[in-house]
Amino acid sequence: MKVIADLCVVPLGVGVSVSEYVTACERVLTAAGLKTALHAYGTNIEGEWDEVFAAIKECHHVLHEMGAPRITSSLRFGTRTDREQSMEDKVTSVKRRLADEASAGKTDPS
Amino acid sequence: MKVIADLCVVPLGVGVSVSEYVTACERVLTAAGLKTALHAYGTNIEGEWDEVFAAIKECHHVLHEMGAPRITSSLRFGTRTDREQSMEDKVTSVKRRLADEASAGKTDPS
Amino acid sequence: MKVIADLCVVPLGVGVSVSEYVTACERVLTAAGLKTALHAYGTNIEGEWDEVFAAIKECHHVLHEMGAPRITSSLRFGTRTDREQSMEDKVTSVKRRLADEASAGKTDPS
Amino acid sequence: MKVIADLCVVPLGVGVSVSEYVTACERVLTAAGLKTALHAYGTNIEGEWDEVFAAIKECHHVLHEMGAPRITSSLRFGTRTDREQSMEDKVTSVKRRLADEASAGKTDPS
């Protein structure tokens, strides 16, 4: 079962800046061979269910080893059986609609 | 590694009412022997990491088998190494503070 | 527009224990006259959209005033136009299904 | 109060494909003059608190008007008082760390 997920890890008890921990998490996901895309409030992850969730577990392990006594994460994750869909497909289908509308707006005299 | 999680599963393509699917998910979590607490926007789950996430995977499997072509879930999950903490501990510590303040407010003349 | 929400506030930069801040947030929501239900990973909130989101904003304000330099929250929120639904309705419809199945399981000889 | 948020709207009761609704939501956010960045599982939004949340409310309104009888959204949102931080800052600080480590790895003989 393939999954597209979006992970946001928040270490507690390590002060106000958490980018060191987010970076470590990125390394874990990349080392796991997963397709990822970092954004301003988390990271998109695409892969087989077991590989994605093993990597997420490893993120928590590594952050605790780095000294974070507590971690709270939020995750969105989606599976579908009707068709294959990649992270890029999801973004592209929205961007194409936006472009089509912009284009229609320019040429439509109404 | 123990985890406390909060799961909200949302099946798509099965109409507007999803309680049948949420119920199936509850059965999966209970059958897995996990401690759970249903609330109005999800379910608290407490247990060992691997057992919790195996049950969450089983939820997606079962909901797809029931006919949901697409599922999008949101999950919060927390781990800590500084001390043991149960779901009840988390609620109790807040409720005790609220009670203490209410009590202080009643007796404090200032 | 009525909304049912589920809020989890996480103050950063204030150490590993956050129950003092969660308690303050509970007081804000209650003072706003909103229906709430605390659980182990957040708080269910029911009310009119503007009142719910004004209270959530006040939570962030109050937590910053208490000394939290950074807050990251996660929120689920749902609206529907097909029918009225309360927080209790959502829980009850799942619990009734679970009870019906348990009852059917006991009496059904198949 | 400035906020950085990450919104994922999920219309229910409109079938399995939701990109038409996500696109409408993008238009609402852009029309509101907010800085946004679409990704595979939501949209980053940056702006003043009241403007961001007014636009999110408008998203729910518009999606209901388009025919979605039910919408469930998930949102992450963060505020901080210690310093200004943009969406780009958050991504850049992680990417710079990753680049520094990659660079150190290449030149460090140890």
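To keep things simple, chains are lettered A, B, C and D as they appear, and every chain counts its residues starting from 1.
One rule holds in what follows: contacts are C-beta pairs under 8 Å (C-beta built on N, C-alpha and C of every residue); 3 or more make two chains touch, one makes a residue touch a chain.
Small disclaimer: the values here were computed from a predicted structure and weren't measured.
Two chain pairs, A-B and A-C, are compared here, and A-B has more C-beta pairs in contact (counted per touch definition above).
The mean-CA centres of chain A and chain B are about 21 angstrom from one another, to the nearest whole unit. One inter-chain figure worth recording: chain B and chain C are separated by 12 Å, centre to centre, where each centre is the mean of the chain's CA atoms.
Our note on geometry: chain A versus chain C, Cα centroid distance of 25 Å, whole angstroms. Among the residues of chain D, those touching two or more other chains are numbered 8, 13, 16, 69-70, 72, 74, 76, 78, 80, 82. Chain contact topology: the protein chains form a complete graph, every chain touching every other one. Those residues of chain A whose C-beta lies close enough to touch chain D in the complex are 4-6, 8, 16, 19-20, 22-23, 26-27, 37-42, 44, 46, 74, 76, 78, 80, 82, 87-88, 90-91, 93-95, 97-98, 101.
Contact residues on chain C toward chain A in their complex (touch as defined above): 8, 10, 12-13, 15-16, 18, 69-70, 72, 74. Of all residues in chain B, those touching chain A in their complex are 1, 13, 49, 53, 57, 60-61, 64, 69-82.
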